[in-house]
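Down below are the structures I want you to see.
Below, chain A partners chain B and then partners chain C, in two separate complexes.
Up next is the complex of A and B:
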């Protein structure tokens, strides 16, 4: 028997990157209910294999930057994965324990950080293409205000370069697991 | 875009030999410095129609002295591995801030920078600085002095 020494996997990787993201401003007056996070949307259908079987799980992965908009603003938010079966007209939460909260309370806060988000999604009832994306709402309304994708300030080896459009490119990926 | 990539290239886990000896590293001056253990070379032998090379990092951060700390991190690239003068920042689209305020925080910093696919071999590293000397930041250990070697993964996507 001869084996191929270079096995090509077929996990149907899909990746989307926004190279010139606009900042998404999150503020209490408009984001106390769930809102879509820009550049985290992706269309995906679980891989079907040559034997006719379907992938058992799909990994949804995204990476985004959160940063304050002033020296006193905070980033506290509640996040969830949402899906759409009607090409993005309506969105419902994925459920199945795909909600989480990020940040801290009261006077303590995480004011800037990268969120690396990964969910392992059961494909048992997932046969057609779905749209997926992240949503968030503010955890608290006092002092919570931030931008997604854009650094509030940045200092490099030359000093303060905050006037530049300093961003972290948002990316979203899906792949199948048999 | 959807494409297929060989497993052995996607899972090309880079382990920098010098990273095993990485000590904790304090950032407290206004000078930008290399983050120890984050420099790796990555060769694209065959792009397999991939669009990006991924630089994926995991780094421990510790609370030490300041309750209000921030650090600015950016990705650098050396386009000619035989010529260090070609090392340069990838610019304003490859930058992140990590900041905590009024708390004693230990955390693991993670992120992914995607570089457009290239041919051949290039070298990458992370460089960082705090905003000012009053913003103290420590990497590679927690506040109980447990060491955590930085993990850098590079692969094509």
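Up next is the complex of A and C:
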């Protein structure tokens, strides 16, 4: 047999990019329980192949910007991957070590960063389309307050243009690995 | 910027290895290089004769232990685990770092890290892994967990590291 084309896509790549994101304001006084992170939601079902087998893993990836809202605010938070089997009505954590901390509550935290999140998800019990998204919560009584998707101080050649709509387009992607 | 290739094909010959993290797989980095748990993969390029390149990607979490903290990473390759060595002399282009190495530059880092390397293809199976260290035990960091928020419900969180290898072609 001769393969006419060695380049084929059997990874069922799905990518969503929000071109006009609104900033999501996160503050410790109100976000002490897990909150959905906007634009990180995606519907996905693992790839099935011509022999009837299913992908062994799905890679969930998202890229979001975090930036402080003042010179003293912190970006620290605890993040988790969540799933919904009822079209987004209820969400539960994915588990399997998909919770993590970013930055720190203490002094010397990271002021701003693009947070690239990648998880390798098992598919053994994943047979139907699921909704996935990231959630985060903050620890109360500390100075954590930041925006997601929007820069705090943003400079171009004319100087500080922080009042502009200086957002970072969030991306979310899933793809399958056999 | 120089582009090595103008156009790559889709990923082929994809292999992934995922490691479930626990108290036995996290790493408190020392001042000498050690295996970064979860980064090891045995990989055989299938398209070496067609001029393929191999992409190695390692996904892990990094956490501070000391207020000033860092990690150094370098890719290793060999026919077996026992024969692992630097990809090239001094690991040029295959060595990275995160964090600080300066006591007045304290930065308590908790973050997810991706290391991605491009290699020329090869024949037969080879083992690849990342070795990691901190510059000293006074600047110690850790892998495969994020840590030290202190309050109830905000303690150490493990992260399952994974490594992906695949081939790409110029088309």
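Throughout what follows, the second predicted complex is superposed on the first by the 170 of 178 C-alpha atoms of A that agree within 3 Å, B and C clash if a C-alpha of one lies under 4 Å from a C-alpha of the other, contacts with A are read in each partner's own complex, and residues count from 1 in each chain.
Definition applied: a residue touches a chain if its C-beta (ideal position, glycine included) is under 8 Å from a C-beta of that chain, and two chains touch if they have at least 3 such contacts.
Everything numeric here is computed off the predicted structure, so don't read it as measured data.
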Between chain B (first) and chain C (second), which does A:113 come into contact with in this model arrangement: first, second, both, or neither? both
Contact-wise, after the overlay, does A:19 reach chain B, chain C, both or neither (first, second, both, neither)? first
First, second, both or neither for A:128, with chain B first and chain C second: neither
Touch check for A:51: first (chain B), second (chain C), both, or neither? neither
Touching A:99, do we find chain B (first), chain C (second), both, or neither? second
In the superposed arrangement, does A:86 touch chain B (first), chain C (second), both or neither? neither
Name the contact category of A:165: first (chain B only), second (chain C only), both, or neither. first
A:63 in the overlay: touching chain B, chain C, both, or neither? Say first, second, both or neither. first
Residues of chain A that lie at the interface with chain B and also at the interface with chain C: 6-9, 104, 107-110, 113, 116
Any idea which chain C residues touch chain A in the complex? 9-12, 14, 16, 18, 20-21, 47, 50, 59, 61, 63-64, 67, 106-112, 114, 146-151, 154, 157-160, 162, 164, 169, 171
In the complex, go through chain A and note every residue touching chain B. 6-10, 12-15, 17, 19-20, 63, 65, 67-68, 74, 104, 107-114, 116, 151-157, 159, 161, 164-169, 171, 173
Per the touch rule above, chain A residues touching chain C in the complex are 6-9, 11, 56-57, 59, 76, 78, 96-110, 113, 115-120, 122, 139, 177-178
Could you list, by residue number, the parts of chain B that touch chain A in their complex? 1-8, 10, 30-32, 51-52, 70, 72, 74, 89, 92-103, 105, 107, 109-114, 127, 129-131, 157
